[in-house]
Structure formats: structure tokens, C-alpha cells
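Chain naming follows the written order as A, B and C, and within any one chain the residues start at number 1.
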């Protein structure tokens, strides 16, 4: 129970179109993440599902029921806010009990049953010793748990979360990611989770919708969006460091297919890409390659691309080596444990795993192959 | 397109308040305007003409009859004189005090003392004004007696030349707490670095005050001037208890004339005329406040 | 310590010493009338008029003036206190509740004509009381509300509405909206959100507005002069205003009555200064 369907939803604020024709089908029990930079419309989409905003166009369904213009209280959804939005004048107990008290009559709950459910959910989140405190007396992590408990206590159809971890410090945030994910799987509640942090999205989501400028750019599993980005925007937004983009020109090739002329090297276009390029008359493209699909070596091998080490960023277990391959094009290369010491100015040779390379149309940003 | 129904909630929230406002404020205000034009069932300007040209001491708006003690001014002129003296005094005194209190030990006590005038009932304020200018018990006449200024060593509120001045000075005493508080908040909002920078550049108190502080608190100055103007126009309580507009109408003001028409002369139409004139005078400053409030409310 | 040291040095500079003298001199002048009033109130009037209240040598101190004023046969302050309370308390509670509701609507909902209505509300704040009293008096007289406490309470409630709406709207604008949205998602209706979430969170604002409205009604004079004609209904301000006779002025009695009259607002101010000033600034600076 808890399938959400957005059908061509549009929301405008004055002249600004915050959400521009979003269609999404969120499956029952799924951990679904809306990912994108600030201002991309992800929070507005979440608020539309919550009923805090109403769309200008399109329809919203929960479990097949049209809830487009229903008030939040009639949707049976729960929401966790970025700053938790705990009721500052109520105890932790009253905060968690609040949604139950609001529905007391329709759920037919007695005071005792409410108490039992609050204690139960508080125990689940290990805040049962804090029930008599006020939110102001709690740490950030504890407030977070209270907010989660309040959203859990009435067993909603859908759980909505607006960057719930962004106010926690780094260490706690990592711990809460795992815990939240486990909680969601154990309870099986459909969850729509908004974040701008791609690492958070990758580590928690069953599926991710990447949004930009009010539109959904791509929907897919974390692997999909990471390995098969459908757009330059997804390629550069996901991954740290992001995908390398090399600007290349389409030129006359030696064989029947055209070739790619890139800084430092030239290479024939693969067959499927060549067909699209010719059909659309595309003149320049981006060659996209993730930093871990480039091998670095001090020795030249056939087909390797020469370059000069620009800077080396050590990141603990791995290093990111920035290599200048000419024409101010710098490629980031991820290396697990450096066998040889590399210094800025060293001459190196790069080998790209061509099977993992994506080609994007420079004009539209769409993937070609 | 299935639009969302317009919610009734906001209407339910504002209805009780608007019922009050309509019956107590807006309705009667419109009725007053109507009454001011209505004489025996006809709408005319007759009453306005009558009220404005009236010269009896208790009712005159512009001029008193010939031969009375100078100055021969009516209530409307008194209100204007009041503003002309009161507004600059209160503004400058408040700003000056707010500025020097930054360098004063126990400044919060000084502020609290000066603010008392804002807290007490204006009726008490009026009684104290009368008391302070009384030649038997008050301090002001006695100070002038010691200084040898015979003409000022008497009960000010009993002499036509002095009664208005006594009230205006008293109103400075009562109302300085207002400007001081507004200016203190405004000064507090000025970053200390501005003044420190000016000091390093070699500016003394005088220059810091006029070249840095005064321009920066301009919004506060506008508020003080407007609010003081409104207060001066509506002034009633202190005049009623200290002089009742006397002697011989020498300290009469618009609000008091309105009251005297209504309660003593039982001339409701004339009372309405004075009320409308008074309201017309409060509308420009009121409108300014309203537009500003709407803008800042965005 | 270093900070304290530099502060002390600042206070010892000649120009700053001069500033301190001026500031405290002004404070003393401002306080003088109150000292005088108080001295007159605690000494026999005969003594004051002969020797002056500032002359403390051999002064007699007595509570006679207070006792006389409290139980005065025609202008009993005791009765005035009672009447003022009967008027001021409901005249605070009623408009605070109604105006807060309206202010919340102005702060959170959108509805037709909203900005015009709000502009009207602010404009009303500038009106003089004189503009309403004539028709209001005639209407209330025909309804039998003149000379009654419910009548004057209605007038004060309606008159206070505009500024309280304005003040509370500004206050609500500063409350975080997320908490209300959370309650909305948690299933609360608009009214429930208002009294379960917004009202408790707005207590400081409500207290500020109440403190100001209460002291203003307590100090009010003009409306009472019009609507409470019967001396037995007179509130405290009317009573002390009438204590000054036309010819013989007993300043001892007036002074004691004045101290009684200002004691209540002063006490409210001293005890709730934070709220008083906040309300006061909300009334002026924001407006």
C-alpha cells in the first residue's frame, strides 16, 4: 500500500515554473530519491505529494486515488522536514502523539492505545528515555529521531523526507543513512526522499530521479544513473569527482565512419554513435569517461594518450590525479593506491576503457551512445 | 480543469474582527462624515463654514475675537504651533540623548526614567504639568522667581500668554521617551565599525553625530516625526485636565473643541465637522504609515 | 579584564565625563516632577504649600492623602480601580483573541482583497477617536449601552482591533512556517493548527500586545468621558481628573490619586518591561 503516481504535474510560482511537467511512478515499498541541485524543483515536487502545494496542471494519485487537490490531512502521508519542525512547546511524547491525536476519532484510538504506539515507536528509534523532554533540550541527532518517530507513528502510506540529514554533522549523517535505510526496508513504507547530496542518494535509493530546472532528467537505479547517464547533467552531477567531459569535434574518418578529434588524440566513432551523429548532422560532442575507467602509467603503450601531471589529490585510500592532455583539457583519474610516486610535471600515459565511454551531443547534452 | 475549492477558513478567521471594526470604527466614521454635511436633511457645507469662522473662545478654530489677550489664535492654530515647537524639540532631544547614552554609565536607568512619561496615563501627565507650573507648589515658577524673571514666576496655566507653552513643554517631557526609544534602537543597529572608522579618520563627536549618525538614522527620524505629528494632532487628555483649553481659549486644541461641541454645546453636527477636520489632518501621515507598512509587510 | 579596563578609561575622558553629567542631569530633571508628585502625596498639604515639597527639613510623612483619596466620598479611587479593571480586562482579552485570528489569516492565507483590507487596517490606526464618538454615542444611547460597562468594552475592543491585527500579523510573519506545515501533514485542521501550534508559540507576542492594550485602556480618558457619564461608573482617570476643584486645589489629594492611577501601568511596565518595549517597538517601528 503506497504507490504514488504523478502525471504531468506543473507548478508555477508567479512567473517561475518550479515543476515543469513531471511524470513519475513510485512503486509500493520503494525508497525513491529526488536528486538535484537547489532550485531544481525537487522540494516543490515533494510538497505537491504532501498536499502543501497544489499543482497548476496534472494529477497526483496515491494508490490509484486522485489526491490532486486534497488537503494533507486527507492523504495519509507523513513528512520529515529539513529542520525537523518539531513543535517546540510540546514534549517529545506529545510531538510523536500529535498525528494520532489529530486522527483519534477516525482511527478510534483510546488514550492508552496512543500511549502504547508512541512508546513502541520511540523504542524502535531508541528515544524512549527522552519522552518527557522538550525539543530544545535535545541534540540534533535526537531531534532527528523524534521527527522520524512522529512521521512513523501513524503508519502512513507514504513517507516524505525533505533533506532530513542535512542538518546533522558528517559522522552522524553517515550513521543515520544506514539506519534510515534499514528502518525503511524493515517497515516497507514507500519513501520519497529529497536530497542534493548525490552520495546520499546513491547509498540509500532503490531508484533515483535526477531533476534539473523543474524537469526529471533521468529515473533509474543508482547503477543506471551512474553508469548509463542519459544526459550530460546527470553525468556531471553524479559521482565524485564527476565524469570527465572531453570536448571533441566530428571529422572525416579513415574508414566509412566519421572520427572524433579530441585534444591529444583522434579516434574512430563506434558504429551506433556514428549513425546518430550522421542522421542529426552533429558537429561536436562530449566524450564522457568516469575517472575510475582511466588507467595511468609512466610507460607508453599502443593507443595511450600522453599527458602531464597537473596536480595530485590524495583522498586516503585513493588518489585523484589531474592530467593535462593538451588544449587546457584536464582529465581526473582515480587511482587506488599509487604504485609509483607521481609529481606535478611528470609525463604520463593514459589508457581509457573505451567500453565505458559515453558520447553526448554538445548542443543538447543528450547521450548518443 | 478541476481547480481547488476556495477555502472558507480565512473568511472565518477575519469575520469577528471585521464585525468589530465595521461597527465600532468604519461605520461610525462614515456616519460622522455624513453628519458633518447634513443640516436639517440637506447636504451642505453650511456647518463647515459656521465652525471654521466661529470666534468664541471655547470653539474658535482659527481666530479668537478681537480684543482678547494675544495671541488671538484658535484651536487649529494651536495644534500647528504645538507641532512646530514639539516635533523639532522631541526629535533633536531624543536623538541627542540616544547618542550620548551610548557613553553613559547606567544608561538603561536613564532610559527607563525618561520612558516613564510614555507609560503613565496622560491624565496624570496633564495633572503633573499643571502642578509643575503652579506658583505655589510647582518648581518652574519658583526657578524663574529665583532668577528674577517676574513675568514667568506665576501659575503658567492661568495666563493666556503662557498656558499653551506650558502644555507644549510638558508634552516634550512626556513624549521624549518615545523618540529616545526609537532612536536608541536605530543607533543600536548601526555597526560600531562605522563610528570607529570615523574616529580613526579623526572625526570628533560633533562630526560623528552630524555626518555619520544623523544620516544613518533617517528612517527613525521619519517615524519619530510622523508619530509625533499624529500624537500632537490628537492631543486631548493633558489639555483637558491641565487647562481645559483656557484661559479664554488660549490653549484650546481641535480634539477639545470637538468634545466641547459634543458634550457642552450638544451640537452633534458641529462636533462631527471638527472631527472630520481633525481626521483629514491625520490622513496624510496615516497614509504614509499605511503604505510603508504594506511595503514592509511583503 | 582588558575590556573593563578600556571601558573605565573611556569613562574617564573629559568629554565622556561631560556627557555623563549632561545625561544624568536630564534624567534628574525628567524625574523631578515625579519626585514632587510623590512628596506632595506623602505630606500634609498645609506643610507643602507653606514650605515647598523640596524642603525636607522637619517634614511630616503621612498616608492621609492616600487614605482620603482611596475612600473619597465623591471620587472614590477604590471604586475607580474596580471600574477600570472591569473595563480594561475584557477590553484586552476580547480584541486580542479576535484580532489574532484575523492577523493569522493576513499572515498565512491568501484571500480576495487581502492587501486592500490590510491597508485599510493600517490606515485606521491613524484615526483620532473623535471621528467615531458622535454616531457611536447616539447608537449606543438608543441601544441602552451608554453608561454601561459592556458598552465601553465594545468600544475599546473595536478600537484596539486595528493595531493588534497589525502587530500580531507582523509577529506571525516571523514564526517558522515548517512547524505549521508539519502539523498540517500530521492531520490538523486550520483551526487546530491555530490553537494547538500557533497560539502557544505566539505567547510572547500575545503578551506584548496584551500588556500594551491593557495599559492603554487603563489610561484611556476620552471614550470614558463620552460613554461613562454616571459618576458611579467612572473609571480611575475620570476620577482623578475631577479631583481638581475649580477654585480650591488640594494637590495632596490629587497627587495621591495620581500615584494610584499610574501605579498599575507602571507596575505592568516594570514587571513585563521586555514585553512592553517589544510591543511598543512593534507598534511604532514596524509601522
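Assume contacts are C-beta pairs under 8 Å (C-beta built on N, C-alpha and C of every residue); 3 or more make two chains touch, one makes a residue touch a chain.
If you're wondering where the values come from, they're calculated on a predicted model, not measured in any experiment.
Contact counts per chain pair peak at B-C.
Central chain (C-alpha centroid nearest the global protein C-alpha centroid): C. The distance from the centre of chain A to the centre of chain B, with each centre set as the mean of the Cα atoms, comes to 62 Å. Centre-to-centre separation between chain B and chain C, using Cα means, comes to 17 Å. Each chain gets one centre point, the mean of its Cα atoms, and the points for chain A and chain C are 57 Å apart.
Across the interface of their complex, chain B is touched by residues 10-11, 15-16, 19-20, 22-24, 26-27, 30-34, 36-37, 40, 48-49, 52-54, 95, 98-99, 101-102, 104-106, 109-111, 115, 117-139, 154-155, 157-159, 161-162, 165-166, 169-170, 173, 190-191, 194, 215, 218-219, 221-222, 225-226, 236-237, 240-241, 244, 249, 251, 254-255, 258, 261-262, 265-266, 269, 273, 276-277, 280-281, 284-287 of chain C. Residues of chain C touching chain A in their complex: 176, 178-179, 181-189, 192, 196-197, 200-201. Contact residues on chain A toward chain C in their complex (touch as defined above): 50-52, 71-73, 77-79, 81-83, 85-89, 98-99, 102-103, 150, 154, 160. On the side of chain B, the complex with chain C involves touching residues 6-7, 9-11, 13-14, 16-18, 20-21, 23-29, 31-32, 35, 97, 100-101, 103-107, 109-110, 112-114, 116-124, 126-128, 130-132, 134, 136-139, 142, 173, 176, 178, 181-182, 185, 205, 220, 223, 227, 230, 233-234, 236-237, 240-241, 254-255, 258-259, 262-263, 268, 271-272, 274-276, 278-279, 282-283, 285-287, 289-294, 296-297.
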